[in-house]
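Chain lettering (A, B, C, D, E and F) follows the sequence in which the chains are written, and residue indices restart at 1 in each chain.
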């Protein structure tokens, strides 16, 4: 059966990455995969969360927040800030992104600092949590290499992709239409060295067999290998220095680079 | 390496189920697995959520809420009601339980009614979300069979178990100590007919290989088969009629049974 | 006029106490009076509230929180954690329980520690605030004697009972049905030595005379004497040592006993 | 022992009532007792709360809200509106005021309307909840008589007074200094015909005997008789017609009087 | 066209100020302008907000909170404390009042102290934000002169007035009726020396010309000059010492005056 | 004195507008002015707010929400959604934007529909509220012309600009550095026909003279004329039809265009 956008079942949507998308953070990218667009930004603070202090956990921390612009979805979604709370879905997603990134960051080497990853979706067309993870890994890599000059804090890249069963067919990288009609929806998070970080498969109305599970993970691994190649190319091609945008208005560069002590 | 409680790597903790644990709901069980104890209760309401009305989705709904008694954990955890919000962890868990149960309920046959599953943990020793799912399936079965007299609304039983890698070893049904030290933690939700409903594997500090993933799912399937046998026995042995506790104070039975129209 | 459950007007409902009901707190009981069941648990923290620090109040503190399981009531009540706040009723009740317990605790001897009493109702059939106070006194006694080894911090036992006027008749220990139909509802909290700690009488629709007030307090005193006898017996019969449940999974006992410094 | 303000143990503080204190409500008074000043205002709405509709309870409703101006207390108290919630103390007090007023209002005759009583303390010097009840009864009386022309909806007046044991001595009508140092604090709410509506006695650090309870209630009754005389005089002296303040700016009187349909 | 209350287009409503309106704050006034009545109170705390500490901003701070009594408006407005949040309108107003007062306070001379201005409207008939500013300036002046004995912390008086275009006519000091029907509503905040602090003009449905803007500011300046004369007279006539109300109940005066260290 | 970015005192920063920036809303632009970038998006709903229904106000409504991406500011600002509330600043700004847009929209012609304007700042370098208004006017124009085919609902364009006094000098279109150091900050909102919609001038530490006010408004008018020319050009150059991005994934166009009934 043909996919709505003409892709083969094992075909990724086009990926496009714009570095330095924002002016102020340590690093940022606009990560696009098909119709999904996420701004991933890295900032930092020279302290750790209260619970780490209380429990005397050594090293640093990395945390993530996720949001949808109200106009990013097919029908306008309510602004969580005016609703007064984040939805369960938002919390679930930002916890997943945070865990995925922490899996590849050497928190001990980070010192008493916290890295913040903000993933803000400006266009949602399926796969926003996977796009957030893949994009955030690039932003993290660039920020650690170009600004903080400590590339080895990131042990390796991490990326994510969705797979699923839609109208009985196995497909890679579901768009919104497919996601809304999927019988099974699975997100696989993997490191560049091929290890799994998260596997989350959910039957939406119809349970799946062990064989289908295996096929979905095979397909995800196939797609993730391609993504790692793309991710690596982007990072290698990216300028090795931080291109500060609107440098004339920034006052002192120290304000940007100075607030993390490594 | 020996497990802290002497179990073999593929050994479940003892399961105990007390039916009719509470006086008022349609059905309820105290589900115990090792040191973990969860009260699972079924109640109902003769209407559906606002979004179903708005979107004109036919049929009924099933929703779930989860909570920890403050004194259920090793150190007292803060009461979410006085904190003014549920944590991300709580939301994530109750969404998982709800999805798992909806996978085996025929919502169309439910009519314009909502089933509520409340899972309240009174002792937490690892595996509370899995215990909640397995226990809730029993409560649901008993309530539909004994009180609502519509057993076929539940298509089949559902159960869940945790597996993981603890200090390098594959283990089934992690307790709190193992859970706190796990390199990988996975929850598998399956239907009695052997289909998968949810697979959630998370690396806690150390990513895992595809082979380890397969071994974990094998082990979960092994454990789940045993759980389905236990679950089935409990349901079959349970009295076929609703034993109303404190019947003398209930006033009219109609108040209990009458508020769902099937 | 006969009471719905056949009791004489001055007859208490059967009381049953299960000690060590939970695995982790310093002490805990399941307190049952008729169809009402409350879990009362004692935990501690080695610091005092901010306002005590700010006002330099010496000694320790005792605080209480109260909750109803959603399925504990005749009709499911909304979970306060998902509602985002505690109701006025809940706040009123937990303030009453806290004041009642503080009346018999020597806060000066407690040192800079806070005792937490959590009263979680699993079945509600009237009198939950009184059951919470009476049960909490037992949990407090057992925790101070068996675990903290400082029994003299509790100056004496405290207990509570409801009395009321239902359909014109004076009755002791109202169940839910009576409570819903009471013209007057009164809760009396007393110490074992016969002193009053709280007296709260409320006309529900029909005001009461001074004579009726006196009769209600007489009846409450009559009931409370019986309760003190029961309470004392339970405490004396209870093992003098802390029976740790699931000791094998607790790791270090120090974790349980060590977090209060007396 | 002499009282700080020279009063005899059974002496009330001076009471002063200013009617029509506010421009817009159906009626309002500034009720002063010693240094305590409360604005009590009556407004209405031509519908009943949702739960009454849902449970098909006939008749109307009366509800109360209570607040302290931040500058009303010895040290500025935080504004609850900016804190984002009402304290347990506020909720407890407004529930008490509401119950006390409902005890003397014929809700059946009210029709499908809700009466709102707002008690806003502008100076707090002890006894604010009692002053609120006594003042609200006057506002209610005047509003029903002068504006709504249905005086018989109020069955009789209600009033409240505090008594207590301060430094071992029985005293009537505690001011802030006495309240802060009281061993026992009791609030008694009574109807003009001498029936009790609420009796709330609380030991603050030291439990009290049955004899002390009786003496406190005797003293409260003594004080309340005086208050009923004052209350009655005020109401009788008050103009029988609603003196609208700033009538020129009100546009249509119908807006004020028209929004309750009796 | 005649104004509803017979005033000329450039005529202020009568202003009346009652000093020492509350018992406990450092100073307080009841400020009345026509049918609008606001209680403005000054209190203090011997510390500064967290953000000043964090950013090491020297000197002190002044902050303001604003509220409407529920019964202060033509139709009862919801109590923000029970709503659980302040409205956007309230926040906007209290930010304006705070900025206006800070413009005339020498924060550097204040030391590490915070001044609180609470403006609580008891009758609302238009112009409540302007009345709050004008009244707060008086309270501030009196508190600094009479109690804190540091009059020079206030550099000069500040006052505010509304002007607008109502049914095509330019008018000064709009009442509620005019405000509800205004095409343009403008608030002008000025210092006694004639400098502008805030100018906020808003078209309500119909945009205004530059010429109309100029005329409105001219009219505001005309009115403000009159207000400064009134304000000055009030301050000069006011007793130079703090008249403590209910001094007999205050215990130690040190409690009132002692909590700010200048 | 030279401005930090070399502009003349009356020079605007470069303006750039990208239409159709988002895939799903009725229309959207990325509006850039210097280093400030705001996404302005228009969506709609075929109903009006509850208060309009209750008060039977005819016609439609337009409302606005404003937000800052956490990484949009020099130092990361907290995400309001996870803070649980919008700040006073956010509320003030979105109320201003809403009022400004409603001033040029013919709400009566809108029918029973609500237009939503979402302004999300992705880079903040001063003037975000003005950029939001100017950008929103373009989005509104394009959405009404190209998609809803009812251009006459927008009576004319509206735009806003900031002026101020920085280090004693009058300047137009302040950037962040200037804004942080401004003695006076003023925002002027004007219609294309030269009428004023909002004028908000605020002294930040130093009050301003009437002459300075006039000069600031002159300068704002000068800048706004240039902006109207730019705004007009952009709108005229923009394709007259809605270029749907990712049309292949949108399923049914009816979903996009169909949810407003004019």
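In this section, contacts are C-beta pairs under 8 Å (C-beta built on N, C-alpha and C of every residue); 3 or more make two chains touch, one makes a residue touch a chain.
Just so it is clear, the structure is predicted and the values come from calculations on it, not from any experiment.
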Based on which chains touch which, give the shortest step count from subunit B to subunit D. 2
Determine whether subunit A and subunit F, two copies of the same sequence, contact each other through the same residue numbers or different ones, counting it as same when over half of the numbers at the interface appear on both sides. same
Averaged over CA atoms, how far is the centre of subunit C from the centre of subunit D? Could you give it in whole Å? 31
Measure off the straight-line distance from the CA centroid of subunit A to the CA centroid of subunit E, and report it in whole Å. 50
Among subunit D residues, those touching two or more other chains are 84-85
Enumerate the contact residues on subunit A facing subunit F in the complex. 4-6, 21-25, 28, 34-35, 39, 41, 43, 45, 65, 67, 69-76, 79-86, 90, 116, 118, 120, 122-125, 175-177, 245-246, 248-251, 255-256, 259
So in the complex, which bits of subunit E are touching subunit F? 85, 88-89, 91-92, 94-95, 99, 103, 186, 190-191, 193-203, 205, 207-210, 212-214, 217, 221
